[in-house]
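Questions regarding the structure given below will be posed in turn.
When the chains are written out, they are named A, B, C and D in that same order, and each has its own residue count from 1.
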Amino acid sequence: MNPIDLLIATLQLRLGEYLVSVYGSENWVFVVRDVLTVLTISTFCLLIVIFLIWLERKVIARMQDRLGPNRVGGRYGLLQTVADVLKLLTKESLTPAGADKWAYNLAPLLIVMTALLMWAVIPFGPGAMGADLNIGVFYILAVSSVSVVCLLLAGWGSNNKYALLGAFRSVAQLVSYEVPMVLSLLIPIILAGSMATEAIIGAQYIPFLFVIPLSAVIFFISALAETGRTPFDLLEAESEIVAGFHVEYGGMKFGMFFLAEFIGTLLMSALFVTIYWGGYTLPLVNLVLGVFGLPPIDLASLAWGRTLSLPIFFGKVFVIYFVFIWIRATLPRVRIDQMLNLNWKFLVPLSLVLILVVAIVDKALPANTNVWAYSGIMLLANILIAVGAIELLRRRGRQERAAAEAAHDDELADISAEALPAAHH
Amino acid sequence: MIPLSWYLIVSALLFSIGLFGLLARRNAVAMLMAVELMLNAVNINLVAFWRYQTPEAPAGLAWAVFVLTIAAAEAAVGLALIISVYRRRDSVIAEELDTLKF
Amino acid sequence: MTSQQVIFIILAVITLASGLVVVTNRNLFHAALAMMLSFFGVAGFYVLLEAPFLAASQLLVYIGAISILIIFAIMMTRRLMSTDESPFNSQWIAALFGTLLIGGLIIFVIVSVFSPFGDIIIANSAPPSLAVQESTVLLGRSFVDPDQYVIPFEIASVLLLGALVGSIAIARPEKES
Amino acid sequence: MTNEVLQNWQFIFIFVALSPIFPAAPVILNRLLGPQKPNAIKQQTYECGIETVGDTWIQFKVQYYIYALIFVVFDIEAVFLFPIAAAWGLLGLFAVFEVALFIIILAVGLYYAWNRGALEWF
């Protein structure tokens, strides 16, 4: 073991390969590698949240024409979140009277665990991922479904009416939006022919965002709801149910819910990038290079490919993350019935139709269709469905408005009919 | 290497625990939970036999998924019944729901 | 002892211990928590058996869906969750003996089939290596293969439809006229 | 574990075993650093300063349960459809009809729930 080689291997994100080359394929080598990977991924997630919170506050402040944090840590308030963390750390940790201690203490632990575990299958670079499971996407869905239970635990454990009510709302929301998310993720899997995240990236000669945009939009909307972000932040709804399921939590236990929300949002951005935007690869650049007859950039073959792919990957992730923040600054919160109607009466039927159409188109086209023709026809089908759905919605909206106006006119007529004779007396 | 019999023994124990819960619990929801444990035990058996005896044909896997389906359908309808009974009779204790005896 | 065996024993202890908590705990909510832990252990067994798709399905369906239904039902019928009463009915001693008998019988059969006490009918050896790495793809094909499980597959959808219709019809309160 | 599938899953096992440390460490640190002076008023249930009335038990809507029900059905549908989607490239035209039938039967369930008003938030 040579310290300089070790350093280079670490910087190349090839520490595992280096250890194997030195010590052979013993199981303990893999265990050491896995433990190091777990520590790296988890520490990264915990630390990036400090930055994410600062980013969110700053961006939202700018969008609302405010300054945002600007005291702690220089002009840009860079250390504001660090100060917040220190504050949370020195708070008294209370357990409310009558709380179910098991559930109350387990919930913050479990919710962060699930948020972290999902990162295991996200590829940061060619081969640079926790575990290339062949059920990758399905694994993420399975783990994320566990987080629903945490909210119930928190709501039940707190012995508080608002918390329980908030938990019920949250469960209704998360559980509902899991359906369109699952259904929309089926479509890239049909196209890629695999559930493994790296295989899906490999299948994106043209990014799936431009092949199946409708699936991407459905996924994005349900990702907003799954992470409880505006406009679907009914989980917290400060003005209605105080703070929802975590009203009784304080100090770092509250901090854990906060942490899980941010890790979850970043994960959803990363998943979106991986599945719909080519992950760490540069498919669009490669297409342009192909037009000029140049060979595509193959990061996997470069010694420093993994390190180089990190800025590409995180650049894309932060673009998507910015859209999350942008939406938060733009849209107001929806009502619970609107939220559930949007899901069950629009997104779910739409994604069912989309699956059927994509499945039929995929089989109707001959197997040796040119990738451009295939993508073009897929895109056309997506656009047609989207236009049809919007047209349907518009017609429905007109009908409802007409009905509401008619009812209103009747009411006015009734009032004047009653009021006029009374005035005569 | 794990011998097949280990899986079978764990599965048998889990099945017995579930059976005891089904027979001995008073609360109908608890009985349902015990049934879910038994179904899980069955699934362990199915998958273990698939892995050790016929790994080339996915019979055990497919039937495990069907058992999963049945477990979900059973939980959905069973719990709906329990909630409905609770609304009418104000009880979920299986022993007290004995109108049919008379 | 290999690392697989260590993981197996840990999983077995988790599954069985939490299974016992499920059937004995007075607090139904804690019983439901233990049930989730037990499901989690079973998912671990599926991973060891190289059926990762089933392990994820176990999390998705049992923990993410069925447990939630059960917790909802517990909360809706919560008023009767008095913790001082016995969790067992009057016949629990008979149930215990019956269960011990049946469980003992099953384990006796397993042990006599697989161990030196009886005739070895099935070799108690390492599993054969998986010919097809992608057991998930194999499973997916078998669902739509007319020679395999296409009929159960379609019947499953009818069963789900029936469960949906039936449980909505049962659970929905009657409309106040 | 020599097998490649299990090699990958060994990572998940290790991740599951280690991941409680990361949320537990700050919570325990908080315990150590923060003051510990509990009293009865501090530990009361927080309801915007108003004294809590009655039990936490609420007669909540059966509607929540119905959403969970419909979700369970679609969850199982996903369990069936995911392996089929992964194997989609290997399947023939016949599979399209079977999958379409499967989805349509479940869509009938959604239609029934819609029609019965089970999707209305009342």
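Worth a mention:
Quick note on the criterion: a contact is a pair of C-beta atoms (placed from the backbone, for glycine too) under 8 Å apart; a residue touches a chain by one contact, two chains touch by 3 or more.
Quantities reported herein were computed from a predicted structural model and do not represent experimental measurements.
Between A-C and C-D, more C-beta contact pairs join the chains of C-D. Chain A and chain C have Cα centroids separated by 30 Å. Each chain gets one centre point, the mean of its Cα atoms, and the points for chain A and chain D are 15 Å apart. Centres computed as Cα averages put chain B at a distance of 20 Å from chain D. Residues of chain B found to touch two or more other chains are 65, 68-69, 72, 75-76, 79-80, 83.
Along chain A, residues 27, 133-135, 138, 141, 145, 164, 171, 175, 178, 195 each make contact with two or more other chains. Across the assembly, chain D contributes residues 1, 5, 9-10, 12, 60, 62, 64-65, 68-73, 75-76, 78-80, 82, 85-88, 91, 95, 99, 113 that each touch 2 or more other chains. According to the touch criterion at the top of this document, the contacting chain pairs are A-C, A-D, B-C, B-D, C-D.
Touching chain D in their complex are the following residues of chain C: 2-4, 7, 44, 47-48, 50, 52-53, 57, 60-61, 64-66, 68-69, 72-73, 75-76, 78-79, 129-130, 133-134, 136-141, 143-144, 146, 150, 153-154, 156-158, 160-161, 163-165, 167-169, 171-173. Within the complex formed with chain B, the residues of chain D that make contact are 62, 65, 69, 72-73, 75-76, 79-80.
The residues of chain A lying in touch with chain C in their complex are 27, 100, 102-103, 106, 133-135, 138-139, 141-143, 145-146, 148-149, 152-153, 156, 164, 171, 175, 178, 195.
Chain A makes touch with chain D in their complex at residues 27, 30-31, 34-35, 37-39, 42-43, 46, 88-98, 108-109, 111-113, 116-117, 120, 130-135, 138, 141, 145, 158-162, 164-165, 168, 171-172, 175-176, 178-179, 182-183, 186, 189-190, 193-195, 242, 247-248, 251-253, 255-256, 259, 336-337, 340-341, 344-345, 348-349, 352, 355-356, 359-360, 362-363.
Residues 1-2, 5, 7-12, 14-16, 18-20, 22-24, 26-27, 29-31, 33-38, 40, 42-48, 52, 56, 58, 60, 63-64, 67-68, 70-71, 74-75, 78, 81-82, 85-89, 91, 93, 95-96, 99-100, 103, 107, 110, 113-114, 119-121 of chain D touch chain A in their complex.
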